[in-house]
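In the two complexes below, subunit A is the common chain; its partner is subunit B in one and subunit C in the other.
Up next is the complex of A and B:
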């Protein structure tokens, strides 16, 4: 694999494209306006959900809420936060995310380290074992049968184990390890350090940035997952918060689809309020870390995955 | 995602000629003596792959065997192609197959080119702070759980939601989008664009930086304007990335966002919304016809594999770029 190191500065600067003419200035202005509108469109769903979460059910019912709260109140937040199941499921999400990420990091870093050693006999087979699973997978039913027969249903392991290695992350990590200077490892070998020592004392400390990136990739994936829980967990007290939210949404949509009967509308709308609050509380951790880590995300994706 | 110059997966070494076999075996022993620590590090991940990735692949044999819940996970008795024949003769299967192809095709046609266009537009931005802000905002939807995305869609598209407020402002009649089969595809593809267009630009922006500045210089000397520079220098520069991503997209073409469809559809919209994976989910895990559903799943996975391989082959023949 070719490792192309991308200079983030260069990405931001863009190419130099000669003198400004009137045509390019007009184009530049249109481009700027277009991109601003695009950003507004990208952000709008967040804004409307935020507005709904602070609005009164009556205002939502009347279709008055768009990007600003109408009938401002924090009662819905109070109601959701008093819900014990919500907090319990939120805690489960944290637990699954931390455990899943820890397991995933151990497996991914060790395997990527092994794969990054070009001299290793059988390396191509080891890589092939991983890459093949990107293009062919067992499918839903055999996975379900497997997890059930391993007795993992209604345990955390059904959530955290099957997703433990993302081959994409593995390959990014592998190419990072390959880009580390060989001299350090050679020197360590001469000093009598084994591969365990080289891995733990030399390679890992040099890879803090890529490790941070991978931790974030995995935690976002585990945080957002709902389907594994939906398949394998039956007990409400084990649900992650995404499944809690899914059940709110599914409940609301069946009420709505059962007809435009006036009786149904009030309950559906109260829950649209609650849905908004639950959504906000679920994305908040991601929104909070996002500004600090997106630089890592970007370099993480670019690293080693580009042959220009 | 490994691009182009990755190793061929699992290329089994050709059987060595007899006189060298002995020497070969010895090198394996040497390799183990020298690198046993490395091999031991690979052990846990290999167990993981064996159980959670290759286990289910082998588990697909239940597509050819009668499966009894509680019995062996590999089924009890061979029934041959019974389940395969069953779905080939099942009109509902062909209905969901068509739905899948249409939905996947629309998604590919719409979601593949848009990130390229956005990347080109971003590439023209001179003010780096502005560019950075646009990038940050457009990547954001990529990090949301599909549950959140569907929740947002439901709020936006409900009878009280923004879209219907706008329709109402123009005097139109409110539309319950999520209950109308004719709207499902638009809703699905639209939300897919929202989620993927920004994130999809990353690889293109990276590829754009590797286009040599002197090529632009040369094009300018030849009198090429901005537009022709883009056409003759920029686009050829990112072509390998485009082809690689196209191959990957084609391979996953039939796996249209299963989770999103599952959350978004309802019996009222099955007509257009039901896809292979949701159908096999209902048949297999809701109605418990596990073998039948496994047969459909296997068929889908094989089509996916064949499509990646053929897209790869075609692009290697025609343009000389391939995944491996």
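Up next is the complex of A and C:
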């Protein structure tokens, strides 16, 4: 066995900063500038959309809007907020996201917990089944036929159930559970807890970080998803707001054929202004979640990723 | 980051979606094997609800009420609301109730393919443009409409009145039947053409160009007056400009490229992209680019809603003075100019596509969107009534007026000359009629909806809601331009269709890429022969022979 002598003073000092050489200073400066530029690059589109949402449609068409609103107007906000379909779809998104995330969390945590137990018989098969779906799937039309034969078309379940277990998230959780000390569970067993007790009272409270991360992953995914809704829902009153948004944005940009372009320009003169307002209103809630979950987010992902 | 599926099932791009619709169509061919596309139809037994004495110009009313499922495309700014009287009025008049399957406009074509592929489509599938039905024919997913047009007197009346018989024949598939019924137009003018700054063309360039050569001279003068400008632009990845320009050079390009085959003048077909006319067109636009007269961004950038390469923006800032567009684009340009140049200081005009070496010609007369019927509809006991209803809805003049304007004397009035006036308490904002009135007949009542309203139109109806400048545009096209004759029909059978698409797709890719490269000056025009040789190496001759074979067969069978 190799023993390493630890110098307590050095540990307290933290990582050695040493003398700052010119190299590190240049690197630091470069790093700062680079990251600020990168940050600006990421923020620019968002700020432009924000500025556009408060500008007059004419000014946007004339290309005058970049950082600040030109021809300040809040009428569009008022108009979009009065749009019943928008709010109904918004409500749907909230419902789908909350329900979907709840179901996904229950299924993913329980499945991951089971898979994290090495003594489970058939564990490899269970993992294999999950991983298999990462690489292969039935394809679009068969999936569609399946969902509609199950009677889930035009219901919330078509949105929330097919995506309930994300294999990526499942594997992250599984590794996290595997990294929890086995001794804790053994102690709990000795004290008379069954598997459900161990899971509910010991494992879950210790997994707040990873759970928060998964909630974030799932809710962002459900919030942003429009494709499943596009496939399985045929009624406007069931659409999530992302489908409303996609219709608004992608509908305006069509060059596929003359007919489509004509329909895009002559009937749906949806101004960039309305698009911008809708985008802002749609991203705000999910944007607000990030700062609150961020600290879990980083630790959670790190915890899951390194095993050892 | 992972998505709901934990993988990336599908990139949300238009191109990706097209891929999936192709896959879906393929899958459909398999899925549809089991059901017999040519199920026996016995119209006598399937005549529930049908009128015995249904004829042209009569009101259709089903003898017993029934429901029809309908694929409804929803535009983001026109959601169906409870206040819509459109559906109620149709039901009141005809006893037919619609049951909607709503699909978003953004991906309507893809969803339509999916629904048809999965055998889940509603009975009536509107907003179908000619050619879009081709991929559903062989699987038997849609009804061969030509078998039943004898029960559609209004349709036949318009076809005869407006002399559309020849064009209808062109809809035929290889089996001699046609599977969609198009929207019929009494007059057909190019929807997309040049939108110009009339005031600048008049003051700087000495008038509105009638030919592409005059256009070039005008552009040179404008460029001299506005040295920073690239006065001509497209905004639709060159597809729009090449579309309306090609006819003047005796070719087909852009949106109008079709399968690439066009009339060779001797009753056969030739590949347009290797024709002399096509080369002339390419050289013409190449010349414009070389002299800085054509905005190259607008030929390559994807359309973001206001024209690729920010055409509207450039138009507003006097960097572009003529660009491709429809009447809607003209309004958009005007809005943008209000912000920069100021209202009253400019004039925007849609002009007839300039003529060229092939004469003052424009695209052949066109159909507009029509409908197809899901094969399941032919099994319904209400099938005959469905046919009569659709005949009324799509081709009865009164129905067309109803769909456009609403209920006579309720939303609009009509004087002795047939002039239609919207009542002051109603507006039609989409066409800027009575703006500010409390009720919009389109958004609030469902009239003038894009699913049905644009399809079949008499000239008077078309003129009744369009702006005087658009009516002027119609006049100028009809009085100064001749529509080209349609190409002779050469419908392919199922095997040929497959072969043709294998050959045509790479050919078209080569054509598209090189057309742009030649125009942009990225490829030397001296290499034209090499380009032709490249096409030949890709099986051009085989493709041309295939289509001409079908052409000869069609000729033999139908003469």
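Just so it is clear, the second predicted complex is superposed on the first by the 245 of 308 C-alpha atoms of A that agree within 3 Å, B and C clash if a C-alpha of one lies under 4 Å from a C-alpha of the other, contacts with A are read in each partner's own complex, and residues count from 1 in each chain.
Rule of thumb we're sticking to: a contact is a pair of C-beta atoms (placed from the backbone, for glycine too) under 8 Å apart; a residue touches a chain by one contact, two chains touch by 3 or more.
This is a predicted model, so every value here is computed, not measured.
After superposition on the shared chain, subunit A has more residues touched by B, the comparison being subunit B against subunit C. With both structures placed on the common chain, the touch criterion links A:177 to neither subunit B nor subunit C. In the superposition on chain A, A:166 makes contact with subunit C only, not with subunit B.
In the superposition on chain A, A:144 contacts both subunit B and subunit C.
By the document's definition of touching, of the two partners only subunit B reaches A:286; subunit C does not.
Of the two partner chains placed by the overlay, only subunit B lies in contact with A:196; subunit C stays clear of it. Applying the stated contact rule after C-alpha superposition, one finds that A:231 touches each of subunit B and subunit C. In the superposed pair of complexes, A:106 makes contact with subunit B only, with no contact to subunit C. Contacts of A:272 after superposition: both subunit B and subunit C are touched. Applying the stated contact rule after C-alpha superposition, one finds that A:220 touches each of subunit B and subunit C.
In the superposition on chain A, the residues of subunit A touched by subunit B in one structure and by subunit C in the other are 61-63, 137, 139-142, 144-145, 162, 165, 168, 220, 224-227, 231, 243, 246, 249-250, 252-254, 256-257, 269, 272, 275. Across the interface of their complex, subunit B is touched by residues 1-2, 4, 6-7, 10-18, 23-24, 27-28, 31-32, 34-35, 38-39, 41-46, 48-49, 52, 60-63, 65-66, 106-108, 110-111, 113-114, 117, 120-122, 124-133, 135-146, 149-150, 161-162, 164-165, 168, 171, 194-196, 199, 220, 223-227, 231, 242-243, 245-246, 249-250, 252-254, 256-257, 269, 272, 275-276, 279, 282-283, 286, 290-291, 294, 297-298, 301-302, 305-308 of subunit A. Contacts from subunit A toward subunit C in the complex involve residues 56-59, 61-64, 71, 84-85, 100, 134, 137, 139-142, 144-145, 148, 162-163, 165-170, 217-218, 220-222, 224-228, 230-231, 234-236, 239, 243-244, 246-270, 272, 274-275. Partner subunit A is touched in their complex by these residues of subunit B: 1-12, 27-28, 31, 35, 37-39, 41-42, 44-46, 48-49, 51-60, 62, 67, 73, 118, 121-126, 128, 130-141, 143-148, 150-156, 158-162, 164-165, 168, 176, 178-179, 194, 198, 202-203, 205-211, 213, 216, 220, 225-226, 229, 237-238, 240-241, 251, 259, 262-263, 266-268, 277, 280-281, 284-285, 290, 293-294, 297-298, 300-301, 304-305, 308, 324.
Interface residues of subunit C, counted against subunit A in their complex, comprise 1-7, 9-10, 12, 14, 18, 20, 23-24, 27-28, 31, 74-81, 100-107, 109, 111, 114, 117-118, 120, 127, 129, 191-192, 236-237, 239-240, 243, 255-256, 302-306, 308, 310, 312-314, 316-317, 325-329, 331-332, 335-340, 368-369, 430, 450.
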